[in-house]
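Two complexes, one shared chain (chain A), two partners (chain B, chain C).
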Partner chain A sequence: MAGAMSEILSFVATFFLIICFSVSLFQMRYFIRKYEGINGNHVLLSTIQFTSCLFAFLILIYAFLTSNFDFQLVYSNSHTDKPLLYKLSGTWGNHEGSLLMWILILTIFNFFYSIKSSSDIKLRNKIVANQSLLILGFVSFCLLMSSPFILMKGNFSQGLGLNPILQDPLLAIHPPILYFGYVGFSLVFSFAIAGMLNNQVNKEWASALKPWILIAWVFLTLGIALGSFWAYYELGWGGFWFWDPVENASLMPWLSATALLHCIMVLEKRNMFQSWTILLSILTFSLSLVGTFLVRSGILNSVHTFASDPGRGLFILLFLAIVLLFSFGLFASKGSSLEKSNSFAAVSRESGILVNNWLLLTILFIVFLGTIYPLFIDLIFEKSLTVGPQYYVVTIAPIVFLLLIFMTITPFISWAKGSISQTIIKIKYSSILSLTLAFAISLYFDLFSITQIIILFLSFSLIITSLFSGIQVSKSNIIVKSILGKTLSHAGFGLFILSVIANATYSEEKIYDAKIKDILEINGHKFVFEKINHVEGENYNSIQAVFNLQEDNKVVEQFMPEIRFYNDPPTATSETSILYGLFSDIYIVMNVPQYQDSISVRIHVKPFMNFIWLSVFMIIIGGVLSIIYRIKN
Partner chain B sequence: MTRTVKNRLIKILLSLLILIVAVLIIIFNLRDNIVYFYTPTELERIDISEKKIMRVGGLVKKDSIKNDGSKNFSFIITDNTNEINVDFQGILPNLFAEEKGVVVEGSYVQENLFRANKVLAKHDENYMPPEVVNALKDDGKWQGQ
Partner chain C sequence: MKNKIIYYLPIFLTLFICVFFFFSLSNDTSKLSSPIVGKEVPKFSLISLFQNKDNFNSSDLYSKNPKIVNIFASWCIPCRAEHDVLMLLSKLEGIEIYGINYKDDPMEAKSFINELGNPYANVGVDEKGRTGIDWGVYGVPESFIVHNGKVVYKHIGPIHISELDEIILPILKDLK
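Showing the complex of A and B:
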């Protein structure tokens, strides 16, 4: 039997969740007409929602840190030998714990919204009510179907352990950050519902909503970037994006959120695109739901799928269906009355943004189709298949070119009615500069294909025009300066496309069988296989191969790829050894010498990886800058 | 028909046309890049003369792994009913082992010899590709939960 202390902890934690449930139910009274205008104690109540979830979560963390195996969840996901950080991250490294974290973040957003909220009481009340409705739904799911506080029957002194591949510092913080992104869009969704209910989707509504979109978007971007960086050094496949269903599931809300981020600008400046903004808000949150939960449900066939439980997937699908039915039903009845007619010419900033929105949604559709098609065929025809990465690359590439063009020119077209000739005048110098650069580089590297020159030209145009306008406004007053974030993000995107393509073109990979003292060569680099070490880690043993990178008979760098053998659960993982160079990474992975005397080694030369990370960083910092300027104004 | 209505009609038709073309391009591209999954038993029924890329999954047969001392491997994938010879050059994933689930991607080089260019990695020792689980369940050979 579980100890008395555990019984108390489990009871108290469940009790906290019930408090949160009741308060959320009470906050939902704002949906009723009688209460919609009253100034209730929403700050106090949101604080209670937040703190009660926080305490429940802290109890779970405590159970994990103390390796309290009376808790079923701790027993199945932890082990006393685990380093402290992974005991902590084990809290959210499983379905139940991550669900509790999802609820906690829901209440965090509700709490911060409540204390920062606008002067419009009716709108605020509806938003708080809708946010509480979401909290209520997820707390019920947690309590009824996936409580993290269920106790074991019987005594266990040791747990089953956490999947070693998840035992990585980056992967410890990746889920919380990604969740802040996903869950941030719940508030966007609540804004959309409240706006429709109150019939006030207007400039003020957009101004109040925009910072929240930015915050969620920054977290989501950062979360995806961290996940991708982890895949790069941990999975040892040499890539950073595999078009895997789980990766796609996080990319889809990002695409729709990025579209939303742009169209809300039109709403804020010109009071138009009301229904489009609402649609994108609902879509983004729905895709976030899909992104979070289908990943853990096991429905998606992915290398990233860990635990699977179709029953829970069903609940999420049901919840998603309700969200969609409810919000689209509301949209159908209110949508047409939201739209304010406000005309714009074919050549205008509005059209440019609209086109970009469509391009982003086309990419979204492509990704969606590729991800969902195998599921669909499996359900209907019971035939298993996968969609190759080539599908995504080939279909998305032309759209990215168009995206680059529109991203370059749209910021230079005036609102309402612009002119092509004026836009050309504004970007003529940077275009000439980009064209020169593109030709210079293609001459230098002997690239003469039209596509390559076009890619170079388009990416450089975007980078240079963005940077130029960034430099121009950096000396102006604070209101003009607020577009600095945008210019940085756009330049980052240009650099991203450029480095991704360069990376794909110039990456090299070689596989060797290596015996000690062998010399391996790739791209003019010489590696000498020195020796094999046996290393004992905190909760694993490992075989480590030592390679010396030599130049002129001198050792310039030592590579030590490893294979780690964990006992709980019994698993082996490859640890890559990477030399991060300014222009090119060198990346070594080894494999268990299972069936042969020599070891298998794979050496990758990955150019421009640092530029990829840098560009993503620029995109994120751009978002952060926008938030800061927004708060300052 | 007034001028504005006519204009609007043209716009709508044009966007519809672009939309249809885009969707068609996407779908054709998708069809070109689909890789089907088969179990050894299912392979018996399909035409292997065309050298299409496909995935095959099942269990690695006991005592079937052979290696030439270098990076050339051959092994047998079985679903306990039928089996297929696979050869592979490269690095096997860490969790590749006898009597464990495996999925390979590649194509036939001759009758009953499948050349894998990828052996798919997995994350933990109990994880089995859902296709393999289903295949084993269909054959009544499934021993898991």
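Showing the complex of A and C:
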């Protein structure tokens, strides 16, 4: 039997969730016409929603930190030998705990929205009510179907452990950050519903909403980037993006959020694109829901799937269906009346952004098809297949070209009515510069394929025009313009495409069956396999191979890839050894040994990885700058 | 409004996708991941690792009780990790585990079992790995659940204790 202390903890935590449930129910009264305009203590109430969830979550963290195996969840996901950080991250490294964290973040956004005073009471009330509806839905799910506070029937002195592949400092923070992104869009969704109910999707509405989109977008981008960086050094597959269903599931809301970010700008400046904005707001949040839950329900097979029963998936699906059908129903009845008939010419900033929307949504559709197709085939023809990266590369590449072109020119076209000739005049110097650069680089590297030159030219144009429009250098000083955030993100995107393509073109990989004292060669680098060490870590044993990178018979660098064996649960993971270079990473991975006299190793040379990370960093910093600029004004 | 119908499009798309997800949810994709799944076991006859036992034949697997075939080797380190789980599984009533000792030295395999315990009803020696190829083995360990001579489930890699609980045992329960 569980100890008395654990019973109290479990009871108190559940009680906190019930408080949150009741308060959320009470907050939903704003949906009723009688209450929609009243000023009803929403700050206090949202503080209670937030703190009650926080306490429940803290109790769960406490149970994990103290390795309280009376709790089923702790028993099946933790172990006393685990380092403190992973005891902590074990809290959200499972279905129930991550759901509680999801709810906590929902209440955090609700809380911060509530304390930020808003002049429009009716709109605010509807937003709070809608956010509370979401909280209510997920708290019920948590209480009824996946409570993290269920106690064990027996006494256990040891737990089963956390999947070692998840025991990584980066992965401890990846889920919370990603969740802040996903959940941030719940507020965007609430704005959309409230805006439709109150018939006020206008400039003011857009101005109030935009910072929240930016915040969620920044978190989402950062979350995806962290996950991808983790995959690069931990999984040891030699890449940073694998078009895995779960990666796709996080990319889809990102694409739709990016389109939304541009739409809301048009709405704010020109009071148009109302339907687009509403549609994208709903779409982004629903894709976030799909991203968090459906991927974990066992529909999609992936490293991220926490084994769980189909009942849970069904509940989430039902919830998703109700939320979506209700909101799209509202959209169908109100959508057309929201649209203000502001006109714009074929050549204008508006049409540029519209094209951009369609391009982003086309990519979204491609990714969606690729993710869903194997399920479809499995369902209809009972065959298993995987959609490989080739599909995505071939189909998305041409759209990215177009995207680069439109991203380069659209910011230089005027609102409402622009002219092509004026736009060309504005970007002529940067275009000439980019063309020169593109030719110079192709000559230097002997690239004579026309596609390569075009890619170089397009990416450079985007980078150069964006950077120059963000900063104005005059004789006396440098003026940083308010659009620096945007231009930095755009330049980052250009650099990203450039480095991804360069990386794909110049990556090399070799596989060896290596015996001690063997010399392995790749790309002119010589590696000597020195020895094998046995290392004991905090909660694992490992086999470590030592490779010396030699130049002119001198050892310049040592690589020590490892295979770690964990006992709790019994798993082997492979740790890559990476030499991060400015222009090129060298990367050694060792496979689980199968034959005793040799080990199988893979050596990768990965050029421009740093530029990929830098470009993503630029995109994120661009978003952060825009938020700061918003808050200041 | 000129194209009001377009505002209804998201609803239909959502309905379609939700229905699709609903059917996918009740369809377990993980069970269909290998070509051998759903087919009859390959024909083989392997000398037993134990002197006092007969050959391990494919005919041993034609039984109403589900059997587990585990491909292992003493040189394979994940097999060592998996062994405790197999020991646990072998103690459950009515479950027999058969081993195929893959590309291994029989002497090493014997000491492996002496050291860690014997969960196997019988172990066939597949020194050259010929039978392993028929089973479509591409890494050790791999385990198969066989029922009436048909492969019901294939598990790649060591069976984790939680997978025992969540995947293997439910399948065995269903088959009984």
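One rule holds in what follows: the second predicted complex is superposed on the first by the 619 of 633 C-alpha atoms of A that agree within 3 Å, B and C clash if a C-alpha of one lies under 4 Å from a C-alpha of the other, contacts with A are read in each partner's own complex, and residues count from 1 in each chain.
To be clear about the criterion, a residue touches a chain if its C-beta (ideal position, glycine included) is under 8 Å from a C-beta of that chain, and two chains touch if they have at least 3 such contacts.
Note that the coordinates shown come from a computational prediction; the quantities given were computed from them, not determined experimentally.
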Next item on the list: Superpose on chain A as described above, then tell me if chain B and chain C fit or clash.
Entry: clash
Margin query: Looking at A:L324 after the superposition, I want to know if it touches chain B, chain C, both of them or none. Which is it: first, second, both, neither?
Written below: second
Checklist line | First (chain B), second (chain C), both or neither touched by A:F189 | finding: neither
Next item on the list: Pick one for A:S336: touches chain B only (first), chain C only (second), both, or neither.
Entry: second
Next item on the list: Please work out whether A:Q390 is in contact with chain B alone, chain C alone, both, or neither, and reply first, second, both or neither.
Entry: first
Next item on the list: Applying the touch criterion given at the start, work out whether A:T362 contacts chain B, chain C, both or neither, answering first, second, both or neither.
Entry: first
Notebook entry, point to check: Counting only touches as set out at the top, which of chain B and chain C does A:L279 meet: first, second, both, neither?
Noted result: second
Checklist line | Contacts of A:F376 with chain B and chain C, given as first, second, both or neither | finding: second
Checklist line | Which of chain B and chain C A:S76 touches, first, second, both or neither | finding: second
Note to self: So the two structures are superposed on chain A. Out of 76-84, 112-120 or 148-156, which stretch of chain C collides with chain B?
What the structure shows: 148-156
Notebook entry, point to check: Taking the two structures together, which residues of chain A meet both chain B and chain C?
Noted result: 298, 301, 383-384, 563, 569-572, 592, 594-596
Margin query: Give the list of chain B residues in touch with chain A in this complex.
Written below: 22, 25-27, 29-30, 32-37, 53, 55, 65, 67, 69-71, 73, 90-97, 120-127, 129-131, 134
Note to self: With touch defined as at the start, can you tell me which chain C residues reach chain A in the complex?
What the structure shows: 1, 4, 7-8, 10-11, 14-15, 18, 20-30, 32-33, 75-78, 81-82, 84-85, 140, 158, 160-163, 166-167
Item checked: Residue ranges of chain A in contact with chain C within the complex -> 76, 160, 275, 279, 282-283, 286, 294, 297-301, 307, 310, 313-314, 317, 320-321, 324-325, 328-329, 331-332, 335-336, 372, 374-376, 378-379, 382-384, 563, 565, 567, 569-572, 592-596
Next item on the list: Over in the complex, which chain A residues touch chain B? Could you list them?
Entry: 163, 165, 235, 237, 298, 301, 303-306, 362, 365-366, 369-370, 373, 383-388, 390-391, 394-395, 511, 513, 563, 569-574, 589, 591-592, 594-598, 600, 602
